[in-house]
Amino acid sequence: MMASKNIVCPVCGASCDDIQVELSGDKINVKNACKMGNAKFQEIVSSHRISQPLLREKGIVRPCPWEEAIERTAEILADASRPLIFMGSETSCEAMEVGLHLAEFLGAAVDSNSTVCHGPTAMGIQEAGRVGATAGQSKSRGDLAVYWGSNPLESMPRHMSRYAVYPRGYWTQRGRFDRTIITVDPRKSITAENSDLHIQLRPNTDYELLSALLVLLHGKRPHPSVEKVTGVSISQMEEMLELMKSCNFGSIYVGLGIASSYGKHRNAEAAFNLVKELNARTKFVIGALRGHCNVAGFNQIASYLYGFPFGLDFSRGYPRYNPGEYTAVDLLRERDVDCALIVSADLVSHFPAACAEYLAEIPVACIDIAPCPTTMISDVVLPGVIDAMECDGTFYRLDDVPIYFQPFTKSPFSNTKSNADTMKQIFEKVKALKR
Amino acid sequence: MSATIIRNGCVFDPLNGINGDVLDIFIRDGKVVSSLTGAEQRDATIIDAGGKTVMPGGVDSHSHVAGAKVNAGRLMRPEDHYKSVRTKTGITHGGSGYTVPSVYKQGYDYAAMGYTTVFEAAMPPLEARHTHEEMRSTPILDMGAYMVFGNNWFVMRYLKEGDIEKAAAYVAWMMRTHKAYGIKCVNPAGVENWGWAKNVRGLDEPNIHFEVTPRELIRGLAKVNEMLGLPMSLHLHANNLGHPGNWEIARDSLMITSGIVPKNKSELEWAETKESARRRQSVYLAHAQFSAYGGTSWRDFCSGAPELAGYINQVDDVVIDSGCVPFGPATTMTGDGPAQHDLYMLTGQKWSNTDVELECGSGVLSLTYLKSSPVHSVQWAIGLEVMLLIDDPWKTIMTTDHPNGGIFTQYPQLITWLMSKKARDDTARECHKWAYDKSSLGGVDREMSLYEMAIVTRANPARTIGMAYRKGHLGIGADGDVTVYDIDPGKLNLNDTTALTARLARPDYTVKDGRIVARQGEIVAVPEGRRYYCRPYVGDALEKEMLSDVKDWFKYYTVGFANYPVPDKYLKNPVAIPVNKPLEAEAMVRR
Amino acid sequence: MQAMLNTGSTIEEGRLAKGGSKLTEEYTQECAVCEMNPVDFQAMGSPQRVLISAMDGRHSVSVYAYAADSVERGQIFMPRAIWANVVVDPETFSTGSPLYKGSPVRVEATFEDVLNAGDLVLKLYARGR
Amino acid sequence: MAEILLRPKGSIGIMVEAEVISPNIFAGKNKAEIEGLLVWQGPVQLPLGEFFDVDVRSAAGLPERARPEETSILIEGDISRVKRIGQGMKAGWIEIHGCAGMHLGAEMAGGSILVQGNAGSWAGMGMLGGLLHIAGSAGDHIGSAYRGSWRGMTGGTIQIDGNARSQLGGGLVGGKIVVAGNVENFCGIRQSGGLILVKGSAVRGTGAEMNGGTIAVCGAIKQFTPGFVETGREENPKLGDVQLEGWYAKFTGDYALGKNPKGSLYCREG
């Protein structure tokens, strides 16, 4: 039996780094992880784990040698006129870096989960900037937390206990008792039920609510129609704003309720503007609640390597960025790519039907650890290595703090040490084919 | 083995007292040597530098090029990037970004301009992995990063308790843990207050809760610096940065370290120099331009540079870098969170901020400096004043505090202003009249020589940060980093300022470790640079005691103690500089 | 009826997805689900299953229907999984991100079987294979 | 005078980027030279002749001598998968008998473009001058600023006979945009100057974060921007050279952006 401490969980953006595991044979015992985390740790001993490369030829799927799968993947990429490389978020920055380099080499489009997750939030930052802090600031100082369009009890179960609501920080020694919680959500989610104030706005009216709060902050009365539009009374807005202005340190955690609803990046922009303005009154910060473990990582490394956070196009030999034009959903919907390499992401499940349909028509290779709709439509399936369990690397946490993770066991495959390794092998083969 | 000869150039190597003499430079295996054998000469790469200016490779001792806040700037500004792109070549990556270039573009742009060494001015400990990741990906350049300490909980606590030894032990441990090169102190005591949306205004104003003053932090950290014997002195970003009338607090801050004796205890082999290559200063003031403001508000704003320079001219223990403002788009970024908030309130621009738990803060803002703006025009003048009014060039370093005052690719323009009064007058005519009315620049006749330029862009930045043991000069044993400009010193025409700027911007050759990396602005080789950091030590017992405090307070972090350090793999070609070696450190015990 | 589709994480979807169980019956039971306001649910005759269709009529999917107090009238909630995404509007308003929250859909009672994720892929997307 | 006729040869798979289709570039070129101009398809550059039949006609004199302002380009057919036509053009005429792809006339400074069909997103982005007339409907970000910029179109005119989607005129600094039909979200967001006239209705965010310039909406606004405060009523207001008819309520905003915004929003009453 082997016991390890301080293991990093590779599931959500919280990047909890206090996981303890005991691995013995085909059993793994996990401490400190949440339900989702525990489920992922069980993958290491699961029976459905993809254990060998698979190849689809004329509708028939067969296991194949590692080399052949790498070769076939490289051929798919090299033969295409415009490949899409999709670096999912449940893998390391090191793997993503290879994906970006590969895309640059091929003149391909490269995207990541951010595109359908907090991509619009990043776009909001591009319009407004973002006033934030690392998670420990809220832990030690925060006396007000606002969950706006987010539901951490379902999507990031330990967010409240580790960072935002329950932890006893330096000036918050009484934990939950030192804090007020507001939830803004059209649905009475379980998080809303556990909050001190639930602002139940109508769907697709976040922008109007945020805008009205800003108007109130600037000493004006919002246009009266806002009550009907948002379903929230101006007096309720005033109550909420009063709580925000009178706290010592407030934090807003925005979720996909902001990024995925009508208004998109403009919702995020308005939220960032509100927080910017609040800092003239009291301390306020804002950050995104990121559902996937390294979704922030792609934003960070794509930005420092090439200048743009997601949805990059390399067709002209330099990076270009324009969501709606070079982003994965749009490229697939418009049939503007002709093959795809999908790493650690299940696009067939999570993209709209028009995109999934097109993916099923073009050559697709994927790297994954378990069968899923995307592996079902792929021409090549390469077995994935589980980051933070079987190899080391870097994740960026929800607050953009980089976390170095070390494995407690090694890759079960003799041909690869990590997804970064697999990606490098594909890249080498592509280079050989293009030479 | 490889050899390079740079023949017949007019060499400017101030640390060796060489002022335009026509000399050959010999490089073997990346190091400057006195001569090469006949066989070596036959196989050597030969650069004909006849009638050209030869200088050591440029050294930037204060630039924001790697890490979380730089990347916040990149992420925030697609409009800055989309027309400023670099296309990949067979050996180079593509990139984008004007004021905040992506790392590849940044490395190539610096190298193409003749710079080979660039130090990142502010690394937050918790995000040090990020800084190192970016440096790891930066091509060609040799790099290092200064770590921010001026608002660190442990430092504040120890200094409040008067426990300077533990403070030193903590700093030493942090520098080893996060692979930092020097100590940076940003708005001491003020950034912690920014955790509550407040700031401090005076050197003797204690901050909230920790009740420690800027003065105590500056003095304490400067002492720690010399107790440990770090290669560079304390690097100070003064309080009240960017505020009218702040020259006084800047001067008073510089007085605090007076009397502290500089002590470099690093264990290194020093390349040969005629002048002393060891630093003399006990404090190195960052971006003096932003701390040399007169007046009491933006209405009566004026230069405070003459007053600040007046003090610096009297003392020998201060070096400044200028933080010049060459006009045009910029992205301000600093560990001084509250200063950026003030700038946001003033300008309403895009503003990002990240406070880092228990450690520090940062802010980023997009800004364009306009010649038509009265305030910006004065800022332009002040940046040049601090360079020109401080008489001894060994007290000044030329920077733009990239990308705060401007972009590093504007250095050639900056040099032209420093070398040519005509260039300054030409620009002043295009500026708001405040430029000359509210500063003394119009009355300054000084024109820096090529020799002085070599001091403020090579020799002095290297000496100030303790890198002159191998950088900033061409003495025997120095790194073979050389810039060859197509400038004939004998025919230098200071009236043709456009040509001068263009030649400075595109050197004929940039040589790194004896290898040609850039030729007339084009990158021709992409070697990997080195990463420098210090490994200071204190006695075991002291360290143990300190660590028990650290572990006790670690519960306030959101990262576990075991996952806090920067692992070696984040550094490419690391060069660890041992400081205060373990044995010697044993002598350092509690009083 | 026409409704506003809200999709989102549920902890059980997360547990099953992270545990590699997307092709299992348990995942179908958990995620092929539409939660409706009790009033809407009764008005529709408290159906066991409903057919959710995109407004353009091009895609539809049958899922289990439940009444839930947490959902307002005129809205439906589906866990973020393949069933919901079949009917999510692929338009991104030039942002790259589809309308996962707030897509208008049509909801009607149905007797159509609820397919598991694997069968759904075969039915909808196997065309090119 | 020269007239260049382009006919798409067949359907286009991966989208093509063809900023070379511009009077400034076509001017003074013969058929072979125009056919040989390179366009991008994915990472590959191919001659324009691969995608279009090219016919050069001259009205008077040698077409090779025609200057940009004497050059007109006629495109017959659907080119909704061809992007960047007329990008940066400074003079001359482009007429498209069909639909056009993204970035049509982006950053154009002069001359005219007429599209008989629809235009994709980003048409007239950062436009400096000239006329862009879209007879059909248009996508998102028409006449707007690039991502992250608060300064978009500074001059010229965009006329849309159909509808426009979201972010129309984002960051508008100067010039005029007239939409005969409806707009969706955030029309005139962060506008600081110029005029936007919407003859139909708007969904939401009209004039959001606006700090200058004028927007007039003749139809209804479904979700009114909260930061606009009514300052009066005007009958038959005249906005620049645009004469409106009927009673309009006049608002100032957007107070969400700051305490002293200078944007004007006119909404038709009743």
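By letter and in written order, the chains are A, B, C and D; residue numbering begins at 1 in each of them.
Rule of thumb we're sticking to: a contact is a pair of C-beta atoms (placed from the backbone, for glycine too) under 8 Å apart; a residue touches a chain by one contact, two chains touch by 3 or more.
Just so you know, these numbers come straight off a predicted model, no measurement behind them.
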Nearest to the mean of all protein Cα atoms is the Cα centre of chain A
Which of C-D and A-C has more C-beta pairs touching across its chains
A-C
Calculate how many whole Å lie between the centre of subunit C and the centre of subunit D, each centre taken as the average of the chain's C-alpha atoms.
38
Subunit A-subunit C separation of Cα centroids, rounded to whole Å
22
Compute the distance, rounded to whole Å, between the mean C-alpha positions of subunit A and subunit D.
35
Quick one: subunit B and subunit D, Cα centre-to-centre, how many Å?
46
Junction residues of subunit A, two or more chains touched:
123, 126-127, 262, 314, 316-317, 321, 323-325
Which residues belonging to subunit D are in contact with no fewer than two other chains?
121-122, 140, 147-148, 185, 258
Pull out every residue in subunit C that's touching 2 or more other chains.
93-94
Once bound in the complex, which stretches of subunit A touch subunit D?
81-82, 106-108, 123, 126-127, 205, 207-208, 210-212, 214-215, 218-223, 225-226, 229, 262-263, 266, 269-270, 273, 314-317, 321-325, 334-338
Contact set on subunit A toward subunit C in their complex:
11-12, 35-40, 42-43, 46, 48-49, 56, 59, 111, 115-117, 119-120, 123, 149, 151, 153-155, 157, 186-189, 200, 203-204, 256-257, 259-262, 264-265, 291, 310-311, 323-325, 327-330, 333, 346, 348-357, 359-362, 369-373, 376-377
Contacts from subunit D onto subunit B in the complex sit at residues 145-149, 258
Quick one: in the complex, what on subunit B touches subunit A?
66, 68, 70-72, 74-79, 81-82, 85-88, 93-97, 100-105, 126-127, 129-130, 133-134, 137, 195-197, 341, 344-345, 349-358, 364-366, 556-560, 562-563, 566-567, 569-570
Subunit A-touching residues of subunit D, taken from the complex the two chains share:
13-15, 40-44, 102, 121-122, 140, 147-148, 185-186, 189-190, 204-205, 208-209, 223-229, 254-259
